[in-house]
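The two complexes that follow have chain A in common; it is paired with chain B in the first and with chain C in the second.
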Partner chain A sequence: MSTDAGVIAPATVEETTSRVPLRRHLALGIWVAAALAIVVFALTTGGFATWDNAKAIFLASSYVGLLALAQMLIMTSGNFFSLSLGTGAVLAAMIFFSELGNGIVFAIVLAVLVAGFASALQGLLVGAWRANPIIVTIGANAILTGIILLRTGGSIIRPEKGAPSINWLVDPIGGIAFPFFVLVAATIVVQLVLGRTRFGLTMFLIGENRDAAKAASLPITRTIVGVFLAAGILAALAGILLGASLSGATLSSQGTLPFDAIVATLIGGCAVAGGRGSAIGTFLGTLGVAAISSALLLRGYSEGVQILVKGAILAVVVLAVHLWNQEDAR
Partner chain B sequence: MIARARRTPRGLVFLVATVLFFLIAPQIWGAGSITSSNYTDISDYLGTFGVIALAVGLGMVVGEFDISVGASYVLGGVVAVKLGQSSAVVGLLGAAAVGAFAGLVQGAIVGRFKISSVPVTLAGFIIMSGIAVTISGGQQLLYEDYATVDWLNKIHLTYLTTNGMIVGAIFILLALAFALTRIGPMMRAVGGDRRAAEVAGIRTTRTLALTMGLGGLVAAAGGGLHAFTSSAAVSDVSFEPLIDAVIAAVIGGVAITGGEGSPLGIAAGVLSLGFLQEAFVVMGSDSNLVTIVTGGFLLLVAVASAAEAGATVDWLRAQRDRFAAGGGRSRTPRTDP
Partner chain C sequence: MTGADSKPSSPAVLHLEVAGISKAYAAVQALDEVSLSVRGGEVHGVCGHNGAGKSTLMKVLTGLVQPDTGALRLDGEEIELRDAKEAQRHGITIVDQERGVVPALTVSESLFLGNVGEPFMRRRRETRERAAALLARLGVEIDPDAKVRDLQAGERKLVEIAHALGRESRLIILDEPSASLSHGEARIVFKAVRDVVAEGTAVLFVSHRLDEVFELCDRVTVLRDGRLVDSRPIAEFDRAGLVEMMVGEEGHELTERIRTEAIGPEVRLRGLAVPPVVEEFSLDVPGGSIVGLAGQLGSGASEVLRGIVGLARGASGELEIDGRTVKLGWGPAAVRAGVRYVPGDRKSEGLFMRQSIEANLTATRLGSLSRLGVVGLRGRRRVAEQLAKVVAVRDHGVKDRVESLSGGNQQKVLLGRTLERNAGELLLFDDPTRGVDVQGRADIHRLIRAAAGAGNTVIFVSTELDELLDLADVVVTMFKGQIVAKLDAEQTSRGRILAEMTHEGEVAL
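Now for the complex of A and B:
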C-alpha cells in the first residue's frame, strides 16, 4: 500500500470535518427555530391553509422566483448579484410587446435574446477582467434605464391592436397560474445544470475560489458570461410573464421585484461569498417569503410591517448561513 | 496601498472636465445660456444627494458596501418630519441618532462576525425601509414649518442654497478630520488590507462600526435635511438614491476595492454629476442622456480598476510590440516566459 499524499489527504479531511463544531449546531438551531416559528405563525392564521391562498402564493412566487434563480446563479458564481436584472426584465417585456405583431414566438425569442445579450456583456466585463459586478451592473442599469426612457419617454408599452392573444401566458392550468409552471420548469433545468454538468461544477469552483479556478485553467470568462447570459434569460422570462399579466410594461412595473429576488435567494441558503447555492433552495426560499407575506397580509398587518419582517428574517438567515459556512481557521 | 505614489485625484479630473463641459458645450451647440439658477440647482443637488454619496463613499473606503444608507436617508426624512414639526433641530437630531445607531450595529456585526457587509446591510436596508413605511403609513408626510423650508431654500451669494451650504460644510468638516486626525489613515488601512491593519494594532471592528455609524448618521441627517427642504418625507423603498451615490463616490476617486478615497474627492464626484446634469439642462436636451453618460462613466471606472484588466493590456502591448518587431503576420509559437 502506498503512502503518497493522495491517499493520506482525504483521511485527514474526513477527520477534521467529522467533528461538528458548535457554530454549526447554533446555525442549525437558529434555522429550525425560525422555520418552526414561521410554520406555526402561518398555520394559525385564518384562511392561510386554503387552496385559494396557495394559488395566490404560487402566483406571487412566480415572477420573484425566476429573478431569484437568476440572482442565485450570479451569487453562486461569486459575483454578489446583478442590479440590472429588474431593468433587463422590463426591457424584455417592452421588446416582447412591440414585436408581438410579428408573431408570439418571434417576440419571445427576440426579447429573451436581447435581455440575455445585455446581461452577458456585463458578464464579459466581470468574467474577463474581474470588474466589480455590483459597479458594472449599476452602470449597466443606468444605461439601460436611460435608453428605455429615451425611447419610451416613460410611457407604458402595450401590445398593438390586432396582435396575437397572450392570454395563455396568464391563464391558469388546473387552477394554477401558467407562470408558476414556468418557474417549476426553470428550477428543474437550473438544478440539473448545476448538479449534472461540467458548466455547473465549474461555476461552483469559480464561486468558491476564483484564484484557484484560474490556477487550474478553468474557463472563467466563458463560465461567467454563461452565468450572466442565463440570468438575463431568466429575468427576461420573468419580465415577459409579468408584462403579460399587467398587459403593459413600464420601468416602474418592476416595483420591489429586484430586491425581493435577492432576499429570496439569500433566504434560500445561497452564500453571498459564492460557491454555495441551489435552485431548489432558492425556489423554497421564494415560496417561504411569499407564504410569510401572505400570512402577514391575512392577519391585516400593514405593508411596512411586512417589509420589516422580511428584513428581520433575512438578517437571521444570513447570520445562520454565515455561522454554518464559516471557516474554522481564523 | 497607502505608499502608492500620488496621482492626480480622479475626482478633480472629473470635476474639471465636467465644469469645462458645462461652460463650453452650450456655447458650441449654441443652445441656451447659463444663468445663476443653474448654479443654485447644482448647490441644491449637493444638498440633496451629497450626504448619501458621502455615506456610501466612507463605507467603500473601509472596504464595505453599505446598502442600508439608502434606507437611513429615507428613514431619517420620516423621523425628522415626525419629530421636527415644532423644532427642526430636534427632528434632525432624532434622525441622526437613528441613523448612527443603525450604522453602528451593522458595522459591529460586520466587524465582529467577519461577514460580508452586502447581506447584512441589505437586511438593514429592508428593516429600516419597513420601519419608515410603518411610521409614515405609506403616505407622504408633510413638513409644515414653512419658515425652516424657506430658509433652507434661500439663495445666498447669488449661487448657493442653504441646504447645499450645510452639506458642503459637512464635507469640509470631515475633510478636516481626515487631514488633522488619524481617522483617514485608519479607515484606509482597514479598507486596504484588513488583516494587516489588525496586525498593526488598529481596532478594525471599532473602526468599521464607527465608520458605518458615521455613514448612517450623515445619511439620516441628510435625509431629514432633504425632507425639510422639500417640505415632505416620502418613504419609497428603492435602490434609486443609492445608485447615484455609488456613481458619485466612484468617480470621486473612492476605490471600488477599498482603501482609497477622501471626503473632498466624494464632494468633487457629486459636483461633477451636478455640473454634468446641469449642462444638459442648459442645452435643453433629454435628461436621460445624463443617465446613460454616467452609466458609461461607471463602466469605464469599473473596467479601469478591474483586478485582471492589466493582463489584457499586457497582452495587447505584447501584440503591438510583436507587430512593431515585424513579426506581425508570422505564426511563430509564443515563446514568452
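Now for the complex of A and C:
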C-alpha cells in the first residue's frame, strides 16, 4: 500500500505562504523517505502483493478502522483520545452475545446503546465541566473493566445454544469480509457528518479553540457529548464484529486494538491538539498500518517486532507533523 | 556567575546607557533611535501612550528582542543581550505583571527560582534564612514559609521584587507594578522600591498612572510613536506638560458620523459587579449610540464587557436591553438577547486560527445556514464570500487559513463574524484594532460605525485616544473598576481623556 504516505500531505499542501520554511522541507522529506521505505519493504515481501493478502488486510483493517474513526472524532474535537473505547467495545460484544436469544437486531441495538451511553456520559463530564478527557476515560475504563470482571469472572462470553446464527457478520460478500463493508459505510457517514453538518463543522471549531468557541457561544456541551456518543457507537460496532469473528468476547480480546487505532488516527493526519482530522484520512491510515503489519507477518517477524515497528512509525509521524505545524519563532 | 554568591553587597553604582536603539517589526517602527541613561540610586520613569515603544524597549533591555541598530553600554562597556539569561548575568531583571510567582511554592522557595548559578539543591534552612534576610532588606513582614497562593496581590508583588533583589540585580524593571494592586498595597510596594533604590539599585518604572510617576520617579523619559520625546528630572515636568508630551499635538479631526433612521436597542446597566475588579458599574446607553470605555490595564473596562456577555465568573447586577431584563453570567442568555461580543485577544479567544476564513466567518451562523442539521455548503460559501467582501479582507480567498492573514485582516474576519447580522443588537468590542495597521483601522472603524448606523448599539473598550475620539459618541473613562468621567466625544480632547483615565477622580454622576 503506497497510500499512507499521501495521507497527510494533501491536507496541508494548500498553504498560502510563499516562503516555505526549511523545517517543512524536512517534514516532507521524512514523509517521502518513510513512505518509500515502507512501499519497497512491502512489495519485496513474498506474497504481499496478492489478492488474498489484500483481503486479509481489509479484514484486519475493519476492527481497527472503526475504533480509529471513534478516536479520530474525539481527537478532532480537541479531547486527545479516549482510553475506554477498547473496553467499551468488549462490553458491547458481551451484551450482544448474552442478548442474542432475544433476536439479533435487539441484541445489536442494546449493545450499541449501552456502549454509546457509557461513552456519552464521559463526554458530559468533559464537555460540561471541562474535565480532563484522559483522566475521565482512564477512570471509565477501570469502572467498565471492573463491571465486566464482576459479571463474567473473567470467563469468555459466547452465544447461547440455539441463538440465531451470526455467521453473516463474518462471511465475505464477493470475496471481501462483511466487516470491511461496515467500515467503508461508517467512513462515508462520518466524512459526510464532519464536512456537511452543523454538528461536524462546530466540532472542528471547538476542537481548534475551545475558548473561542465559548466566546462565540457555540454549543460546546452538546457537541462533545455527541462526539463521545458517536465514538461509543463506533466502538460498539467494532466490538460486535470482532466478537462475531472470534465467536466470543473476553476482556483480552481487544488486544492491541486500542493502540493500533490511535496509531492509525495519527497517521491519518489527525491533529492531537484538535481541529483537524478526516474520516478518509483515518481510513487510509488504518489500511497503511494493516499493510505494514501484514508485511511484517509475512516475513515471519514476531509480534514484538510488529509492535516495535508500529511504534517507530508513530514516532516518525509525530516528528514530521511537529516539524510541519510548528509555529515560526518570532 | 556563581562567584557572586561570595560577595553579596555593594556592586558599583550602575550606569546603563541606551544609545540610539531602533527596532522595527515588519512595517512598524517600534523604536526609532531611542537613547537614555539610567543610573543606580534613582527611579527612572518611562512614560508613553500605547504604541509608544515602552514594551519593546523593555524587551530590548531584558534580552527578549534584539535591536536592529544601536548599542547598550553598561558602565561604559558595550554589552549584547542575546537572551534573558544574559540580561540576568548583567544584573538586569524585570518584574512584569504576573510572572515569577508559582502559587504552589512557599515564599522562600520561589525567591530563588530560576536564578542563574543557583545550585540544584540547597538546604531548606539555608534557603529560609536567605529568604528572611532578603525580605528584611525590603522591610516587609512576610512569612518565608507561607505559600505564595495565600498571599495578597501586593505581597506577591513584593515577593517578586525580593526575587529580583535576590539575583543581585543592579537594574530592576517594574512593568505596571500597580495594575493589580489596591491603593494600600501599592503604597507598600513603592516604599520598598524607595528602599531598594537607596541601596544603589536602579529602577526603571513603567506606568500608565501619572500620579505614581510623580510620586516615585526621580527622572522621567517620555516616548511617543517609538521616538524619544524628552528625558529630564521629574522636577522639570508638570502634569499637563507630561500629558501633552505623551499625546503630541492636538490636531485631531473628527470624522463624519453616519446616521440612519434605524435606532439600536437602549441599554441600561445597574450595579454590574465583576469580581475582583469591578464592584459597581452603572451606565445608560441610548439606542444606536457608540460608547467608548477608556481604561488602561486593570481599569476593569474589559471586565465590564465580559460581565455583560456572560464570560466572567460571578458577574452580577442588572442588565436591561430595550426594557427586557437579561440574566447576567450566562452566555446563551446574553446571545439570545442579542448581545454580540468580539474578544480583545483574537488569537486565544477570538479566532479559530488554523481554520479557513470561511469557517471563521460562518462559525456563529451555522444554525441559520442549515436545514435539519445539514449545512448548505453553497449557501455557506456565498455568505462567507459576501462577508469577506463587506469587511474588506484583501488578497485572500475564503478557503485560506486565518493564520496566514495579517493582523488587520484577522481582526476583520473576527468582526465579520459578529457584524452584518440583524439590526437591534448590542455589539461589544474589546480593543477592536489591537495590532492592526492604519488601513485596517480605518476599515474597522468604518464597519463599526456602519453597524451602529444600521440599528445596533455599540460599547467598545480602547486605550487609544484617537480611536476613542474617532469612534465614540460618549467616552467613559475608567480607573480601578470605577467610572471617572463621562465625556462628550465632540467636546473633549485627547489630553482630557488621558488625564481622566490615569488617575482616580470623583465618580461622575
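Here is the rule we use: the second predicted complex is superposed on the first by the 311 of 330 C-alpha atoms of A that agree within 3 Å, B and C clash if a C-alpha of one lies under 4 Å from a C-alpha of the other, contacts with A are read in each partner's own complex, and residues count from 1 in each chain.
Keep this in mind: contacts are C-beta pairs under 8 Å (C-beta built on N, C-alpha and C of every residue); 3 or more make two chains touch, one makes a residue touch a chain.
Note that the coordinates shown come from a computational prediction; the quantities given were computed from them, not determined experimentally.
When the shared chain is aligned, chain C comes close enough to touch A:202, but chain B does not.
By the touch criterion defined above, A:216 lies against chain C but remains apart from chain B after alignment on the C-alpha atoms of chain A.
Chain A is touched at more residues by one of its partners, and among chain B and chain C that partner is B. Looking at the shared chain after the overlay, A:276 reaches chain C, while chain B stays out of its contact range.
Of the two partner chains placed around the shared chain by superposition, neither chain B nor chain C is touched by A:39. In the superposition on chain A, A:130 makes contact with chain B only, while chain C stays out of contact range.
Listed in rising order, the residues of chain A touching chain B in the complex are 80, 83, 125, 128-132, 134-136, 138-147, 149-150, 256, 258-259, 262-263, 266, 272-273, 302-312, 314-315, 318-319, 322, 326, 330. Chain contact summary for the complex, chain B toward chain A: residues 65, 109, 113-116, 118-120, 122-138, 237, 239, 243, 246-247, 250, 256-257, 286, 288-292, 294-299, 301-303, 305-309, 312. Partner chain C is touched in their complex by these residues of chain A: 14-17, 195-199, 201-202, 204-205, 208-209, 211-218, 275-276.
Contacts from chain C toward chain A in the complex involve residues 309, 311, 331-332, 334-335, 341, 343, 348-355, 359, 363-364, 366-367, 369-370, 373-375, 377, 396, 399-401, 404, 417.
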